[in-house]
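See the structures that follow.
Two complexes follow with chain A in common, the first pairing it with chain B and the second with chain C.
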Partner chain A sequence: MSLDLQKGLGLLIALLPETILAVWAMALLLVAAWTHKDPRALRRIGWVSLAGIGVAFLAVAWLWTAHPRLEGLPTSVAVDPFRWAVDAIILLGAGFAVLLSIGYLEREGILIPEYYVLMLLATVGMMLLAGGEDLFVLFLGLELMSVSSYVLAGIDRRREASAEAALKYFLLGAFASAFLLYGIALVYGATGSTKLGFIGFQVQSLQLATHPMLLAGLALLLVGFGFKVAAVPFHMWTPDVYDGAPTPVTAFMAAATKAAAFAALIRVLLRAVPLLHDTWSPVVWWLAAATMVVGNLVALNQKSLKRMLAYSSIAHAGYLLTALVSGSVGGAAAFLYYLLFYTLMTIGAFAVLVYKGRDGERTVTADDLAGLAESHPWLALFMTICLLSLLGFPGTAGFIGKWYILTSAIGSGYALLATIMVLASVVSAGYYLPVIMAMYMKPRLHAEVHADVSVPRVMRGVLTAVAVALVVFGVWPSGLLKTARAGARGFLPDEVVPISQGVPAAPK
Partner chain B sequence: MQTLLAGLAYDRWIIAALLWLPVVGAAAILLAPAARAKYIAFGVTLLEFVLSVGLWWAYVPSGPAVQFIAQHAWVRDWGIQYYVGMDGISVFLVLLTTFLMPLAVLGSWKGITDRERGFYALMLVLATGMIDVFVSLDLFLFYVFWEVMLVPMYFIIGVWGGKGRLYASIKFFIYTMVGSLLMLVAILMLYFAAGRQSGNWSFQYEHLLRYAVLEPRLQFWCFGAFFLAFAIKVPMVPLHTWLPDAHVEAPTAGSVILAGVLLKMGTYGLLRFAVPFFPAVAIGGTVGKVVIALAVVGMVYGALVAMVQPDFKKLIAYSSVSHLGFVVLGIWALTVQSVQGAVMVMLNHGISTGALFFLVGMIYERRHSRMLADFGGIARVVPAYAAILTVVSLSSIGLPGLNGFVGEFLVLLGTFRTHPVAATIGTTTVIFAAAYLLWALLRMLYGKITKPENEALRDLTRREYAVLVPLLVVIVWLGLFPGPVLRRIEPSSQRFIELVRLRLPQQVPTGPTVAPQDAPVVR
Partner chain C sequence: MTFAFWFFAGAAILASFLCITRRSPVSSALWLITTLFNVAALFVLLDAHFLAAVQVLVYAGAIMVLFLFVIMLLNLGDAAPGENPRWSPSRVVGFLAGLGLLAELLVLRSAVPPDAIRLPPGVVAGEMAGHGAVQSLAVPLFQAYLVPFEITSLMLLAAIVGAVVLAKRRL
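Right, the complex of A and B next:
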């Protein structure tokens, strides 16, 4: 299939998932305005929005398998496997978050149907962000995502923490957006375009690699994206926001928001300024190192599980940045692979928190899970698999993802960064293990302590599927690795991670 | 016997059977009622042992270096394979594992009363992990199982352990993980070096050995990473502090497996990977001297610290530090005898120390104490227990005629030719060993009964005899007839030394060791 994005129909097809989701959200908004604020209606809207995500997912799957090719001039929206892959991950994350919200909202007394609408709109923003080939589309997506997220963070407005989270998020997010916009302006000033492909062409043909305006613009872009992906030292907002927001929203932000912002960052770096790799890679190197080290060390010191997971998500941003440093196809493929499982295992861990907690889950500590294995063996096993996968333990998909990232880093000569990464992972054992320890090795405070933890039947199925996926793709990653490589091959010709020539015979 | 095994195509399926049988068993345990768990576990481990006994005949010492090879593609994109096989050293470590497993299950019969299914399932998973570590010839596979094995052990210590189990289990986990993750980076360095050199991407042991050429500085760091991973596991002083905690807190079966098999994975790693990959760093130069010094310090220090332990289990834990020092010394001395001796010490330590942990566990089940001071004169009450404890202790000390002697003697003999000073200091360890164990026996078994609680202790039950008698038989058998074992280990030891010498750069002075004709080997 070939698409001409200059024509209306071509553009519509290229933006089909986003369009579907946006229309769905608008329709839901109208429906929400006309329904009473009772739990049953809320629940129904939740399911309908999940259906919307499902339809958008089907659209992405169709586009991915139809292999659309561009004809005519390059345009402002990407049509490549990388976009479909990231879209699929974002939709997976969004669907998971919506599923967590159903039931949660009633329990916490947040009877606001617009919650789901905002979630859908944020997802549209993320998909635009991940698919933008033009800095303006990127910015549009970013703002749509951010504004929706600000509201989502503060949706439980009767709670002080939620309001604080929203305000903090908004102030710092607006600041970051300003940085980004200024960066876009400077890049435009230097190259005369906002289209990523054309910027790359201009940098090459006009030899702008040392142009101060371009470099300044790039630096500002990095700062802006650094805020969005919560890289150290731009991470200060993250713990408070993640802590204050309703837990499903936190899971959504930790997984999907980060995924989208990362995808955009990777696109900008590899499409617009691949020639400046020598300039930006040291910066990303330091960001990655600082993010891994600080994220893990601070997480070690958290009592509240929710805050611990917030910091752990910062640490994982560092691992993802490590995949970016090499600027290679291998790195991008490793990024995609890790991103998928990062999304699943992070939301999975938050899911357990959702079912255990009350009142925003701010006070749940590892010890509150003591003895969970006795009363809820399957939930405890699920949490254990998620945590081991987050830790990067062999036998889980998290390990293969980390291994892939390490391979891409070492293969491109960043052995020191790889070493920092593994040492940071060791630190993370210090906060993931106590949770496992509490669940399995500490006695329950009293027999009824986990009596109110109940996982709805649908979610049991979902959690089982996630656990199975984490283990299966940890043991047989081959098929998905190919997909990840195909997804990453959109931008760059060269190879870092090698393909072996079949299996050599056993030496005699 | 050999024809029978050949008729069964034993060499084709044995490794697969040993690896996957316990996994099937673990699944069966999880599905069966809890009361059946220990029976299934015992049945499976016993079957494992029976199957593995065939290795004794099926392994041909004069045959190819690596036998029982099985090879399948696993992750094609990265050239990762399921590639397993055994040489003479692996064969015995696998036999040690399969021998100790049913005993460990039997030893837990009464001690483990809650969550039995989980316990026995984890034990079986542990068996798979341990055997895989000893047979992997693909470094990715090796790494995966090296790490995976941590989880069952972590749970065994943490769930079924003593009072300080939480601290001990997390310490065990994190210590091991630090080393192994750095090793992961080093494995990848080798992978890329070999891949660029040969154009073929693989984690195969031989492939990496042949093509991974690193510059000296990188060699140093990569050796450091491998060495750290294995030295923590061994454990070598000063990285040993996790061991006493883990041993003291672990349930009996955990201690037995930990001392009997897990520690051997460290020395096995040194022998198989760390030294052959980087001989120039490991043997030549300062690093080699430092390692030998650490080994000797560990031997003496472990023995001295063992002497002052009031807790019998801790005493055995420190004695392990001391015994494993022998192994490292034997590997680094780089003579056929010393390497053979090192392997023998690995086996003997697994058997003797395993037996000691069983014995401590048995008395603990009766008195709920391991403190030497809580006993005294109990030989009158439990004569059979006392007799067996004495024999096992003597074997651990290294009394000629029992198994402990053979290995340590060979190590010292082999080492004396290349590193006389280290050997001389090492010899004192044998004296210390006699001191701490005999003194402990004296305080615990002999003399008058000092505590009234001990007067009604029950002697060994039939189940406990079933655990101890096989160990005693092996102790005596290996002590009297070590020849057949040594004969099977010799070619692999010889090959290890040739491999290392071949890869040593010529300019490194290797001293008198270069003489290719070693003295006749003890048969």
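Right, the complex of A and C next:
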């Protein structure tokens, strides 16, 4: 199938998943306005929004298998396997987060149907951010995602922590967006285009590799993305925001938001400035090393499980940055593979927290899970698999993902960074294993301590599927690895539409 | 033409100076509206008619009305004589920022725009003569930049829904 994005139909097909989701969100907004605000209606709206995510997922799957190729000039959105792969991961994360929210909102008394509308809009923003081939689209997608997430973080407005999280996220998010926007302006000033492909072409043809304006713009872009993916030293907002937001929202932010921002970063680096690899790779190297070390060391000190998982997600941003350093297609494939399982295991771990905790889950510590294996052996087993996978234990998908990142880093000559990553993973055992020990080796405080933990039947099925996936792909990864490699192939030169066709007339 | 430029430019500077020196917030806001009107007149002199109209409608009209609404709703009184000391930190910072902008302006007088974003001479005038200001803006907005335009509208929708969800007392 070939698509001409200059024509209305081609553009519509290329943006089909986003369009479906956006229209679904707007229809849902109208439905929400006309229904009574009772828990049953809220539950129904939750299921309908899940259906919307499912339909968008089908659209992504169709586009992926139909192998659309660009014809004519490339425009504002990318049409490549990488986009479909990231879209699929984002939609998985969003669907999982909506499932978690369905019971959670009732329990915590947050009877706001617009919650689901905002979640769908945030997902649209993420997909546009991950698929934007134009810095305009990328920035607006980021803003759509951010504006919705600010509100979602503060949706439990009677809780002070939730309001604080929203305000903090809003202020620092606006700050980060300003950096990003200024970076985009400088890159435009140096290259005369906001299209990633054109920028790459201009860098080559106008010999801009050392142009100060381009370098300054790139630096500001890296700072902006650093904030969004919560890389050290731009991570200060993360623990408080993740801690204060309602837990399903935290899971959504830790997994899907990060996935989208990372995908956009990888696209900018590999499509617009691959020629500047020598310039940006040391910066990404240091970001990755600092993020892994600081994230893991600080996580060791956390009492609250939710905060611990927040720092663990910072540490994982470091692992993902390691996959980026080499700037190769292999690195992008490793990134995709790890991203998928990072999303599953992170949301999985937060899911257990959702079912164990009350009142925003800020107070749940590892000791509160003591003896969970006796009363809920199945939930404890699920949590164990998620934590072992986060740790990168052999036999889980997390191990294969880390292994794949390590091979790509070592293969490109970043052995020191790979060593730091292995050592950091060893440190992370210091905070993942105590949780498992508490569940299996410590006695319950009293027989009724876990009596209020109940997992709905649908969620049992979903969590089982996640656990099975984590183990199966940890033992037989090859099929999925091949898919990941196919997904990253979009960055190979022969897959990219010749950009010279669409370059504006050279200035005289 | 030159006279018109000096007239509106002078009026804009005078009005903006009055805007920051008035005690009463309402008269400050009114002087800001005067400034925006004069800047709109400068846009007309530059042949940017559409921009001038938008400036009056959006800034002088909608946004400033909102400002006045908020001022009157909160019932802000005049600043008391001793309330704002002559040299508060914010004033010093503001003064320095203003000096910085002035210096930037003087430097930029002699700067050359980078090659990549310089249009050949006559392109803008030709476009204006051929299609007029509105069409030369509208065609790219709804063709080349259709996707960003639609995303912006979605973003505004999310912001409105979010503001209502967070601020409404009973939902």
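Keep in mind that, in the parts below, the second predicted complex is superposed on the first by the 492 of 508 C-alpha atoms of A that agree within 3 Å, B and C clash if a C-alpha of one lies under 4 Å from a C-alpha of the other, contacts with A are read in each partner's own complex, and residues count from 1 in each chain.
The rule is short, and it goes like this: contacts are C-beta pairs under 8 Å (C-beta built on N, C-alpha and C of every residue); 3 or more make two chains touch, one makes a residue touch a chain.
As the structure is a prediction and not an experimental result, all values here were calculated from the model.
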First, second, both or neither for A:155, with chain B first and chain C second: second
Contacts of A:388 with chain B and chain C, given as first, second, both or neither: first
Chain B versus chain C as contact partner of A:406, first or second or both or neither: first
Contacts of A:437 with chain B and chain C, given as first, second, both or neither: first
First (chain B), second (chain C), both or neither touched by A:418: first
Contacts of A:117 with chain B and chain C, given as first, second, both or neither: second
Doubly contacted residues of chain A, that is, touched by chain B and again by chain C: 507-508
Chain A to chain B touching residues, read off their complex: 388, 393-395, 399, 403, 406-407, 410-411, 415, 418-419, 422-423, 425-426, 429-430, 433-434, 437, 440-442, 477-478, 481-482, 485, 497-504, 506-508
Chain B to chain A touching residues, read off their complex: 64, 69, 71, 73-79, 81, 83, 143-145, 147-148, 151, 154-155, 158-159, 165-166, 169-170, 173-174, 177-178, 181-182, 184-185, 188-189, 192, 195, 200-202, 204, 206-207
For the chain C and chain A complex, residues of the former touching the latter: 113-120, 144-148, 151-152, 154-155, 157-159, 161-162, 164-166, 171
Residue ranges of chain A in contact with chain C within the complex: 11, 15, 22, 26, 29, 37, 75-77, 111-112, 114-115, 117-118, 121-122, 124-125, 128, 134, 136-137, 140-141, 143-144, 147-148, 150-151, 154-155, 157, 166, 188-193, 202, 206, 213, 507-508
